[in-house]
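A, B, C and D are the chain letters, set down in written order, and residue numbers restart from 1 in every chain.
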Amino acid sequence: MADTAGLRHWYVPDAFIPVVSTPPELSHESICVLNPSETDAELTVTVYFADREPETSAPIILPARRDAHLRTSVPEQVGGLRIEPGIPYGIEVASASDLQVQYSRLDTTQAAYTLMTAMPSPR
Amino acid sequence: MADTAGLRHWYVPDAFIPVVSTPPELSHESICVLNPSETDAELTVTVYFADREPETSAPIILPARRDAHLRTSVPEQVGGLRIEPGIPYGIEVASASDLQVQYSRLDTTQAAYTLMTAMPSPR
Amino acid sequence: MADTAGLRHWYVPDAFIPVVSTPPELSHESICVLNPSETDAELTVTVYFADREPETSAPIILPARRDAHLRTSVPEQVGGLRIEPGIPYGIEVASASDLQVQYSRLDTTQAAYTLMTAMPSPR
Amino acid sequence: MADTAGLRHWYVPDAFIPVVSTPPELSHESICVLNPSETDAELTVTVYFADREPETSAPIILPARRDAHLRTSVPEQVGGLRIEPGIPYGIEVASASDLQVQYSRLDTTQAAYTLMTAMPSPR
């Protein structure tokens, strides 16, 4: 999706919201975006699935000189997307701005949690 | 392998299917592939070992606008490859399409599991 | 920040100093920098937040042929920055030298800790 | 080091051999190298420290179409280098061949171990 000329794209093929958490830590994923520039940035998030069409978020604004950790499980943080836990999926971030993007997952399914992170290059 | 002109390659030198799992979570690896384009993609997986010749899978189809998490321990998901657990190996993904590729491992050998992930650039 | 011509930049959008530790291991992050060249390198660290202006460190010297693991929680190691634990933030490393940069986090919030690491490309 | 024309370099600024292990799993790091080409490859490993000069290994041969997971704690696997556990350090892999390189660490200091991995691009 989002093949409009001039857009940069970042991809995270391995996305997954764990169903289970071990309190007090909540299992979650974050799309972390950093806008080091002097102008506000607009981005969208598109989610891809194994067996149905992708969905694209409403535009998300990241102000100049700001860093945000957007939780994929919180629709207000990802432009209204409602992503079901327990389903393997993939993520595309698209923006005309030169953002910095990182994906991280905290999984607390078992007591003693685990972290993973990945840093896609823009395409 | 797979040096045919026009193919992109992605490499994961550190692949390993853990032998042990702590129920209910199953230790496993996944090759996660995202095809954001409007045309179906074909890919193959080649596995490399320390002391024997590599093996290449049958072609795998990833439809347009789809994301798949292919488990290396499930032959039907990786073009028929039967990869032995407990053996250090490496992975090559080859495709003529501009796929997005990520490798992840969930290891539940000990209670309280751990995740790792890596995102190879195309070569 | 730090748009001066000739500077390389490395970005870590997902930074976070965990508040809790399980002794004896201390939760911490490190910015790991390697200077394989024959000349000393100077770098600065800029930290970005969700809701306030970024802050830039004093210059940090990394001698020729040296590798340093700089703990973000130790102001003397990151050019005087005092970064509050428990706050999502992002990191920019800037240098005129061709450094190698890696970010790692050890989180011991729960017994049985977890590691994550990321390797930004220079921009 | 190793600035000879024609060599590719891969860097891992965050290397560390954990001192403690929780049996039966042994804490260790691996430099994972994949040689997908039809010719044998030669590589060296150089290790960098915070406060002393780097050391370079003897040449290591990786045969054509082979993948090896080289443990940094086993001198015979890393060209004779004896790397002390518990010391933060950095790694450089140098080769004239177009290898694929990945670094992984398994840390079993606490019961319930953790993995991290990183995939440097060639420089």
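In this text, a contact is a pair of C-beta atoms (placed from the backbone, for glycine too) under 8 Å apart; a residue touches a chain by one contact, two chains touch by 3 or more.
The structure presented is a predicted model; accordingly, all values stated were derived computationally and were not measured.
Ranked by distance of CA centroids from chain A, the top chain is D. Taking CA atoms, the transformation carrying chain A onto chain B includes a rotation by 90°, reported to the nearest 5. Both chain B and chain D derive from one sequence, and where they touch, under half of the residue numbers involved are common to the two copies. Rounded to whole angstrom, the centroid-to-centroid distance between chain C and chain D, based on C-alpha atoms, equals 22 Å.
Averaged Cα coordinates give chain A a centre that lies 31 Å from the centre of chain D. Chain B has residues 111-119, 121 in contact with two or more other chains.
Contacts from chain D toward chain B in the complex involve residues 22, 25, 30, 32-34, 36, 65-69, 98, 100-102, 104, 108, 111-119, 121.
Within the complex, the chain B residues that touch chain D are 1, 9, 11-16, 46, 48-51, 53-54, 88-90, 92, 105, 107, 109-121, 123.
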